[in-house]
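Per-chain numbering from 1; labels A, B, C and D assigned in written order.
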Amino acid sequence: MSRFPDDNPLPEKAPLLSWRARMHEVIFEADTPAGKAFDVLLIVCILGSVLAVMLDSVKSIRLAYGPLLTTVEWIFTVLFTIEYLLRLFSVGKPLKYAGSFFGIVDLLAVIPTYLSLVLPGTHYLLVIRVLRILRIFRILKLVQYLSEARMLMQALRSSGRKITVFLFAVLTMVIIFGSLMYMIEGEAAGFTSIPRSIYWAIVTLTTVGYGDISPQTNFGQVVASVVMVLGYGIIAVPTGIVTVEMGQAFRKKGVSTQSCQECSADGHDPDAVHCKYCGSKL
Amino acid sequence: MSRFPDDNPLPEKAPLLSWRARMHEVIFEADTPAGKAFDVLLIVCILGSVLAVMLDSVKSIRLAYGPLLTTVEWIFTVLFTIEYLLRLFSVGKPLKYAGSFFGIVDLLAVIPTYLSLVLPGTHYLLVIRVLRILRIFRILKLVQYLSEARMLMQALRSSGRKITVFLFAVLTMVIIFGSLMYMIEGEAAGFTSIPRSIYWAIVTLTTVGYGDISPQTNFGQVVASVVMVLGYGIIAVPTGIVTVEMGQAFRKKGVSTQSCQECSADGHDPDAVHCKYCGSKL
Amino acid sequence: MSRFPDDNPLPEKAPLLSWRARMHEVIFEADTPAGKAFDVLLIVCILGSVLAVMLDSVKSIRLAYGPLLTTVEWIFTVLFTIEYLLRLFSVGKPLKYAGSFFGIVDLLAVIPTYLSLVLPGTHYLLVIRVLRILRIFRILKLVQYLSEARMLMQALRSSGRKITVFLFAVLTMVIIFGSLMYMIEGEAAGFTSIPRSIYWAIVTLTTVGYGDISPQTNFGQVVASVVMVLGYGIIAVPTGIVTVEMGQAFRKKGVSTQSCQECSADGHDPDAVHCKYCGSKL
Amino acid sequence: MSRFPDDNPLPEKAPLLSWRARMHEVIFEADTPAGKAFDVLLIVCILGSVLAVMLDSVKSIRLAYGPLLTTVEWIFTVLFTIEYLLRLFSVGKPLKYAGSFFGIVDLLAVIPTYLSLVLPGTHYLLVIRVLRILRIFRILKLVQYLSEARMLMQALRSSGRKITVFLFAVLTMVIIFGSLMYMIEGEAAGFTSIPRSIYWAIVTLTTVGYGDISPQTNFGQVVASVVMVLGYGIIAVPTGIVTVEMGQAFRKKGVSTQSCQECSADGHDPDAVHCKYCGSKL
């Protein structure tokens, strides 16, 4: 397992690791038994705390087990606080960690509970606590699923611009059709304003179709039919884009792992005989 | 037709088959006239019994034809019991069969009816009887559709990890958006708890859109629009994954593994007789 | 334009065509000015008659313009009857035509109106009249869109077996999940019988989501969520199958048009240097 | 940045540009600082004016800020009028511009407001004002997203015929199934006429599923299930078409057209320096 950029710079096989380096190995890595045990424990805590937040939102459960859930919440908060401090301490550059994506998520996992002591209206802080679920991805980062995730992300990123153009076209269609339906149907059918009609157009174009607003007039139903068929058809566009990009992203992996002995370039086709950059034989 | 792993080890063309081997051939295989007739009969019985269970659940039919349906049910149960015992008897290793997937399904096909004699509340046993439909796949296993099914399964299995990563991302999105909507909309609009809001998020993201819960506030509709467009767009991800994997699974079958003896080029079409690069005979 | 199998066997450039052959050319073909004019007229009549049937079903229009619509209907019926008789007469083998798919559709286009004279209850004959729309495909057969349609049909036909396996799996899932929901939700939530619950499962798995039946209990919503995510995900399977098959069907067209000078085989890859069947240079 | 066909024919680096040419450069192009600033300003104005139209349609906002919105509307209208006149003036052939797609859109952006002075019923003019959003594409035309948009358009255009055949088949299915359901369900379930039943068929086939009309009889639900599974399955067709066409459109861009001077092999990656088959310099 290769080390990550935020890893401690000490060599892995050094006979004597400082206890700070060893702590880093346990907390940030997953290739030692202690590191794996820590990860499993962390996953259990994260899922447990998210489950507690969910249950706390169900009225009947909150009324019956309110105090218990508050206790559980505090236990998890204290655990996550200790973990956050240990991470800050064991990492080489604490400030860089604190400002990174996962550093902020780790902080957001504990702050709301403390804030609820001083601020009323914990209701809005509830959702921030749900963001703890994002911490799961920290463990994902360490395991074998990383390469699949990276491949998917790569395909999505390389199709990003085309998707943007597509979303732009969808937005324009939705605004025009929404306004059209506002004019055709009017307030009686629930198309009370252009923004609301645009909401209807999105519900219809994406084939969700709640049915809370639906056209009543004949002409409105004709226009709605056009929007539906359009939405049904143009889903082919993002699907086509992503499929083609994935085909290329996966093929690149199917690419030879050989690297040129002369210029050490890689990414050669499996059928290449010579390096395509310097021409020397592979 | 190739033999399956659980086949009787006797050679197929042995002049004298023991009656147990012959019974095995009829029950477990499909390449003799008797075996085919048995399979057709079995399909008829399976479909008939599942149909009987379905009809039995319709109140008006149960009131009118209750006793008839009970009789039919018992006939099928006795037939399936005999079949199960014959399978146990004719197979080489009865215990291994009894513990296999189809062994358990075969047992579950008969047990609920006997249990209904001693236990009240057959209601819950009803569904187990529907599992008989799974027995259809036993026949599928023996016929020509096997290779298509295997190809599909292979494509799905090789895309399993990427699909897992995708499902993981979907789960995270659904939890976060569900919690967000719980906070925004509140109880008035039906978002009574986070689990229920997550249910709404799944209904919306998968573009099912029942409309039993739908956002009422302006901001809620904006967030819902984001979830819809997201769901509409990211369906491209599993589609792309499966398409690419299928392309590879089908291509593997489609390309001959032969390589030219002269220039050792490969990638020849299955029907190629000569190397397409140097012209020498394959 | 190549001639079709049911064409008159007379050579196209014969200086003297019998009037029967000339009639055949006008009615069955599209490569003469008269033939094109006939086709355009036919399309107008077909669309007009289907439109008349549709308008006739709208109560307010039927009350206001009933007699007019009946007159229009009889005019179209007489025209189609004449056309049918002319087709019967001009074709080489009248019985073969009468028994062909389009022969039956042509007959069904006129019979209902005559039947309405003797039989009461034209209501059920109405829909048969709508089948006239299928006659449009007769014209499609003659024009340039044919090759695209043939290519699509070829891709669908070659993926037919895999699609069958997929539909089989969907059917099984729908039966099992439907029965499960019948057990979980019961009659209160609208799951009044297994067939009706299977209908719900189809509505949900295909992401249609009417919302006329929707789960009310917590556990029912969990199972429904599984069905939704499943339906959302497995749409990748038919899409993948058809995409891959289309890729192959279109690529075959993209295949080199070169044919071997020795063995006159074609279908060579664009990069082939030698004929892959006989080895001679292309 | 290449110039567009409607560009002024003066060379870009001419030391002295007439002020008309310079104005053209600012208004129609995006490769000078002034041109970019103009584009950004224009985008702000377009989005601002569309937002004003939207807000004006919300009753509560109109009642509270009506006069303000009218003032804003007039400011944007005057700005767009000045811009339109400047475009007319600075372009080489004003009439050709006025008759072009964007020329008409530019005119439609200002006319409704002036018409509202003389005509009552601005309600219907509202939607025309929303068409201003199309002017955004004018800016898109000038920026880097152009090539992605062009690639998407190319893939869609080359799949246009196949999509047409598909839409034709969908239309036929929808008419036949709609009529069938009108016959089966009748007026009680909301299937009051064939056009309305066709609307239902479109809602169902495209998996939108509002639920405002849904089958009530058993046979109607069976037919509806067939329509749903059909709609769920045949979405694979447009997706397959577009994916394959995109694969070809992207591949064309993706492969260098260079061929090796030694062995004249081609299909090299765009970044290849040496032939991957023989190693000679490209």
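FYI, a residue touches a chain if its C-beta (ideal position, glycine included) is under 8 Å from a C-beta of that chain, and two chains touch if they have at least 3 such contacts.
What you see is a predicted model, and the numbers here were worked out from it, not measured in a lab.
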Problem set entry | Copy pair chain B, chain C: interface residue numbering same or different (half cut) | different
Problem set entry | Pair from A-C, B-D or A-D with over half of its contact pairs in common with A-B | A-D
For this session: Using mean C-alpha positions as chain centres, tell me how far chain B is from chain D in Å, no decimals.
Result: 42
Seminar exercise, completed: Chain centres from averaged Cα atoms put chain A and chain C apart, in whole Å, by 43
Seminar exercise, completed: CA centroids of chain B and chain C: separation to the nearest Å works out as 29
Problem set entry | Euclidean distance of C-alpha centroids - chain C vs chain D, Å | 30
Exercise. Tell me, which residues of chain D touch at least two other chains?
Worked result: 195, 207-211, 231, 235, 239, 241, 243, 247
Exercise. Chain A touches which residues of chain B in the complex?
Worked result: 161-162, 164-166, 168, 172, 175-176, 179-180, 182-183, 192-195, 198, 204, 207-211, 214, 218, 221, 224-225, 228-229, 231-233, 235-237, 239-241, 243-244, 247-248
Problem set entry | List of chain B residues in touch with chain C within their complex | 50, 53-54, 57-59, 123-124, 126-127, 130-131, 133-134, 136-137, 140, 145, 148-149, 151-152, 155-156, 163, 167, 170, 195-196, 199, 202-203, 205-212, 231, 235, 238-239, 241-243, 245-247, 250, 254, 268-269, 271-281
Exercise. For chain B, which residues count as touching chain D in their complex?
Worked result: 207-211, 239, 243
